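I've put the structures underneath this note.
First chain A sits with chain B, and in the next complex the same chain sits with chain C.
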Partner chain A sequence: MTDVDVLVIGAGHNGLVCATQLASAGRSVMVLEAGEQPGGMAVNREIAPGFQVPGCAQWLTQFSPQLIRELKLEQHGLELAATDLTSIGLSADGNTISLKQGEVSGEISDADRAAFAELYRLLSKVNRLLLRLSKRPPPYLVEGKLRDKLALADLGLRLRLMGSDDMSELLRQALNNVYDLLQERFESPLLKGMLSLEAVQGTHFGPRSPNTVFTLLQRKLQWAWGGEVSQVRGGMAGLGTALANAAQAAGVTLRYGAEVQSLIMPGDCVEGVQLADGTELRAGCVVSSVDPVTTFESLLGLAKVETDTARRVSQIRIKSGTAKLHLALSGLPNFTGLDASQLGQRLLIAPDPNYVERAFNPVKYGEYASLPTMDISIPSVNDPSLAPDGQHVLSAIVQHVSHSPAGGWSTQRERALSDWIDCLAQYAPDIREHIVAAEILTPADLEQQYRVQGGHWDHVEISLDQVLMMRPFPAAARYDASVPGLYLCGAGSHPGGNLSGLPGRNAADTILKMEKQS
Partner chain B sequence: MLCFQRQSNSVNEYDAIVIGAGHNGLTNAAYLARAGLKVAVLERNPYIGGATVSRELHEGWTYSNCSYVCSLLRPEIARDLELPRHGLQVVPYGGGVTFMQNGDIFGKYPEPERRYREMQRHSRRDADAWQRYAADTMKQTRLIRPFLMKRPPNPTSLRPGRLRELAEYGAAFGEMGEAGLADTMRFWTKSVADYLEEFFETDVIKAHLAGSGIIGTALGVYSPGTAYVLLHHYMGDVDGNVGSWGFARGGMGAVSGALAAALQSYGGEIISDADVGNIMVSGGKVTGVALRDGREFRSKIVVSNLDAKRTFLDLMDEGDLPQTVVQRARNFKIRGSSGKLNIALDGLPTFNGLDKKSRLMVGDFHFHDSLPRLERAYDDWKNETWSKDPYLDLLIPSLFDPTVAPPGKHMMTVFVQYAPPKINGREWTDEDKAGFEKSVLDQISNYSPDFRDLIVHCETRTPRELENEVGLTEGNIFQGELTFDQLLFNRPFPGYAQYRGPVKGMYMCGSATHPGGGVMAAPGANAAREILADLREPNVVPEGYADD
Partner chain C sequence: MNPHQDEPIYLPTAFHSRQQQHNLLHAWGGWNGYLKPEAYTDIELEYFAIRSTTAVFDLSPMNKYRVTGPDAEAFLNRVLTRDVAKIKNGRVGYCIWCDDAGQVMDDGTLFHLGDNDYRLCSYTRAYEWLYWSSLGFDVAIEDETGTVAALAVQGPTSCTVLTAMGVTGLESLKPFGILEVSFQGQTLTVSRTGFTGDLGYELWIDTSAGEALWDALFAAGEPYLIKAIGTEALEIARIEAGFLQAGVDFVPAETAVRRGCTRSPFELGLGWLVDFDKPRFNGRKALLAERDAGSRYRYVMLDVDGNKPAHHSFILQHGKVVGTVTSAAWCPTAKTNLAFAQLELPADASLTGLVAEIYYERELRWNKVLAPCVAIDRAPFDPPRRRQTPAPAL
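Showing the complex of A and B:
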């Protein structure tokens, strides 16, 4: 006897997308969420009475426009406070550079302007290919069926159609590091710094690390459709709420405060879950949107899987270098070189590529950068509901920060907060005067808060050895986890993080197809 | 000894001219001569060998003052050109030792039994992991070796021959199956640190093995792509033992000496003190070369053993080249990352924790006992200065080869990483060189109390010296970084990875072409095969790989 057809673990965006798709196809679906609200890492956090900051993710970048339509998220309450934001690179002396789609403005030479348009053209073109690949399960290269062979042939053909110049440039640059790519093409240190930041954010790489051209492509997948960065009204929680509404409208049962303790696997097939309170729930299959390391190590137990699977799981790289800085502000700070109207845009601290590389160095040795790169949002400018009247909140993604520094975070937390505010003050000299409340979330905090191993927002680090048919590891790359009855649908699966919703959608497609076959 | 002919007449006609008498230039010329072509190799220095050279820089001592050990030299070339008959003798050596800061050592013995016991002394788990590690690296090695003596495919070409080549590569990968292929793709893109951490837990063991992932490369042990560099140092062999290394008796100059003798036995010429200034082009075709002293040599085929920057940016006129080639040559990443000390010693130094009679004395010595220490050495390079705690690969060849030092005396060769091509954006000064030298001598003295007192002569080579003497741009020992964006069909750059230059009759045969650096001689041989194909001559160059 089963309680439902499908149990989905975790009400993050991927879990909800997957559940909604399965329910729309007529399955009875229950989502089990350990916390009290939907959204996973896309949630709000009240750091002082009336001050709401984004708890982890702060921008909407790659959420598939197709999914927004399919799930009718706008009808379910998704509203954008601002779209197509400009990314502005800050410098201490007030010279700034603004990027939006293929255009650059600010203190920049004509040569750089043209070079950026050219780079944008090439990356967008490649990203249209990557986007095609993202919307379906990754094709197997050797043991694939006809569908895979067709997909590979399609990819090969499209590579050819790029023209031999673009194709050979892609083959050369795909494994290159972004530092060298930028040195080849640009003069402006600030422009190179900004693009370096884009490439290394959320990774355990510096701009000189090979693979970072690929991570730049991944982070800018939205260029495939000319998209930039948007801000959700009501904070990032707005996305989770709309997805939860859509799920319920499709007939999904949502259970909050339902922490899954383990998967029930009496034989060689997963049959349900046991909750922390002892409740057992049975289902035809279980879909985990939790990261693969937690799924296999904690929920399933490595003793229950093949030794090869256990080895692969232990080899998954989940080192994160990302932390958050949250400030409640009594008023708008002054950023050197910016007027108040620009403060609602995306502000970047990455004055040159060497700065970004230096920010990466400490994390290699289990330390944090005292001069980190920052991706800053002041969401209350576009959405005053997030802070009391006339007051503001600031949220910054801080890179690079060790998950577990020597001596632990308790001894270093205050110093890191102070260092990072000092760093911010180099660009916004009066920032300290405005601070009402401040906090940092280290990778260890993010891990604990959002129940994700390593605190990694991509669950499994995105780099060339952990994408496509190798994500999270070869036998589990097509959402079917290599264990009967268990599926994966989180950011640890193809195509990965960045709030795209595509892992959830692809997983649902796969489950429905496999049901049909069996 | 070899006798070098000096040319005095102003015009000479040849079927082919090779610029640079490095090991690849000599190999290339030897094959062309064997096929019956009239060949001359032009060498700027009064001696041959390029970076494969032995020099007596202090009376009585012979330094292999650039490359210093031999393994990668393709056995099919050595056999084919009868290099042993021409005087090449490679003596295998084995093992190595890492000295630790706590006074202990880790000895990597060549004998399996002793290696196991020594590893077990540090970690039982690591001792057991060794077999898996060795099997895994061997699997990757076997995959790559057959492609060393083949030209790379051209994935953008639609010509049937080229598609077939691409399919051959594809088939080799396909044989591994989905999981095997994924392992290989992971291997090629991950860092040596990540790779080693999948097998080992002990700091010193990881650090000992990680060195091969960074030698000659401007990357750190945590940089993705360095696992492949490790492989590049494992894919050679001595006497059929894959992965082992040896000393060329008489120093590395014995390799180039044997190649030169082979070349001359086929009737080829070597002309030293011939500094080529320009590759002459007329009507889109190569016509010969002009020396800086005004002499000219005519030939419809010119092969450059120099790196891509020197070949295209120094020796050719921009007007003779497509704009993309000029741009790609400028962007080709060369980057020096290493230096070298060659030291004449009055006797054998004592090393803490190691018996002078130990089997390990003839192995490589390292002084880094953890991955973070290695990585910090790279951080110095990124900051454009030499490593303050430099990674050393130190050997005492005189223990093996009595010809390189007077009786009772010794010769030490010290490969040093990292040393940047420029110091804080400016050229190296003698003061910098002294500082670099001191950091290396200090490193050795930390583990050898009597070392400093035994020094009779020390030759220190920073990237500046390597560039000026051998012509290795920025002092990079591989003529260009071995990163994936510069391997296979990208080496030296897309569209020109099949040894042919952009002008008819112009070819490349140096380490800047596939399969890259190391004293391998494969680029020189592969280029000769392509030239003979273009001339519609029968192929005399071994192809593919039959040993595995």
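Showing the complex of A and C:
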């Protein structure tokens, strides 16, 4: 006897997208969420009475317009407070640079302007190809089934159709590091710093690390449709709420405060879950949007899988270097070189690529950067509802920060907060005067808060050895986890990360297709 | 000057000083990083010692892994295809293990030495695989290859010799049983196991007591014509007894370079070692699929006409190549020309009309024989004394 057809673990955006698609196809679906609200790592967090900051994710970047239409998210309450925001590179002397789609403004040479337009053109073109790959399960190489061969032939053909110059350039750069790519093309240290930040944010890489041209492409997937970052009205929670509404409208049952303790697997097949309160729920299959390491190690137990699966799970790279800084502000601070109207845009601290590389150095040795890169949002500018009248909140993504520094976070938390506010003060000298409340969320905090092993917002590092048919590991790349009755639909699956909703959607497609086959 | 010229490439085993005294041929080879005698005096005399008196073979180079801890049984049940719970304390089990694709990585023996205490003997180095397989289990794995010395004592008078050496209680030891006795202050483990298909035992002791054990054994065995044997004689005996040899009759999955060159348990005639009643073990999913879809290969034991061993022969059926021979020998005691072959035939295909295409050389002249073969179910050498308890003694 099963309670439902499908149990989905986690009401993050991927879990909800997957659940909605499955319910729309007629399955009875229940979503089990350990927390009290939907959204996963895209939620609001009240840091002082009336001050709402984004708990982790702060921008909507890659949620594809197509998925928003398919799930009718606007009907279900998704509203954007601002779209296509400009990324502004801050400078202590006020000489800022602004980027939006292919255009640069600010103090920049004509050569850099042209070089940026050209890079934007090339990356957008490659990203249209990546987007195509992202929208379906990755092709497998070894089995060599017809549909895999066709998918690979399609990829080869499209690469060739890029034209020989662009294809050669892509093949030359695809495995490169972003530092070398930027050195070849640009003069402006700030412009190179900003693009370095784009490439390494959310990763455990510095700009000189291999893979970072690829991560730059990944982070700018939205260029495939000419998009930039947007801000959700009501805070990031607005996305989760709209997705939860869509899920419920499709017939999904949502249970909050339902923490899954373990997967039930008496034989060779997952049959359901056991909740922390001891309740057992049975289902035809269980779909986990939880990160793969937690799914296999904590929920299933490595003893229940075959050796290669256990080995591969234990080798997934999940180290995060990302932290959050949250401030409640009594008023708008002054940023050198910016007027108040620009403070609702995306503000970046990454003055040059060496600065970004130096920010990466400490994390290699279990420390945090006292001069980190920052990706700053003051969401209350575009959406005053997030703070009391006339007051503001600031949220910054801080890179790079060790998950577990020597001596533990308890001894370093205050110092890190102070260092990072000092860093911010180099660009906004009066920031300290406005601070009403402040907090940092370290990778360890993010891990604990959002139940993601390692605290990585992509669950599994996005790098060439952990994408496509190798994400999260070979043999589990098509959402089917290598264990009967268990599927994966979270950011740890192809195409992974970045609030795209595509892992959830692809997983649902795959599950429905596999049901049809069996 | 080569700075390494005085360093040995192969390590000596605990019995090396004694083997040197017996090894008149100086026919040394390497086995798993250790020096091993291929033959001491004469291969045929050594072979007949196995079948007529008592033969002693140094199996110290065999990989030995001690597995202990509260999850030892559960861990071994992940690795091995058979149900480890059925190998009781004090017993030994023949076993195989597969990778996740259901391809045989190795065969070996599992000794259940005590509560949560096992020793796994393997042909391949298995530590890394065992280590990865231990993820999720509370076990400790120790490589005992260099610290435990082992001798196989095989043949019709082996029980008599060991009793004469002072091992008590041996007559009542059943096949695949384990006995622990004291030997000059050390624990000597005796198991009724072997690779010859005859009555025989294997002795396991700390390497420090190796030479003393050898001396005591040969002193006790002298009246019974005890003889040290090398790998060449053992090779004939194991084929005669129908035992597969990893690396010869199949490519251990982890060492295979080419896809499709490995074999599943079913393809080696070892399906009886796969227990699908166990809900989980490495390769289960793949093996279930193979059981339902059928195997690519089929293992057969062939009685080949004539006396020319069918080494590396093609096997033909109705003029078409259907397989190849992996091991072959003229078996002197069974008086059978035996070959193990891998056939690319479905399980239900007829095995009539098989022919071995044998090439052999006589004074630089190559000859070809097309020898008819008959598939046989059981090894031709299987004496009752192998299974009798009490074991026959003089």
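What we mean here is this: the second predicted complex is superposed on the first by the 517 of 518 C-alpha atoms of A that agree within 3 Å, B and C clash if a C-alpha of one lies under 4 Å from a C-alpha of the other, contacts with A are read in each partner's own complex, and residues count from 1 in each chain.
Just so it is clear, a contact is a pair of C-beta atoms (placed from the backbone, for glycine too) under 8 Å apart; a residue touches a chain by one contact, two chains touch by 3 or more.
Quick caveat, the model's predicted, so the values are computed rather than measured.
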| item | value |
| --- | --- |
| Simultaneous placement of chain C and chain B on chain A, clash or fit | fit |
| Partner contacting more residues of chain A (chain B vs chain C) | B |
| Touched partner set for A:469, first chain B, second chain C, both or neither | first |
| Which superposed partner A:266 touches (first chain B, second chain C, both, neither) | second |
| Partner chain(s) touched by A:209 [first = chain B, second = chain C, both, neither] | first |
| Chain B versus chain C as contact partner of A:75, first or second or both or neither | neither |
| Touching partner for A:105 - first (chain B), second (chain C), both, neither | neither |
| Minimal inter-chain CA distance - chain C and chain B, angstrom | 5 |
| Set intersection of chain A contacts, chain C complex versus chain B complex | 308, 475 |
| Footprint of chain A on chain C - complex, ascending | 71, 74, 78-79, 99-100, 129, 132-133, 135-137, 279-285 |
| Chain C-facing residues of chain A, complex | 266-268, 297, 301-311, 314, 475, 484 |
| Chain B to chain A touching residues, read off their complex | 155-158, 173-174, 176-179, 181-182, 185-186, 189-190, 194, 198, 219, 222-225, 324, 331, 333, 372, 375-376, 379, 382, 483-485, 489-490, 493-495 |
| Partner chain B, residues of chain A touching it in the complex | 140-143, 160, 164-165, 167-169, 171-177, 180, 184, 205, 208-211, 308, 315, 317, 354, 357, 361, 364-365, 463-466, 469-470, 473-475 |
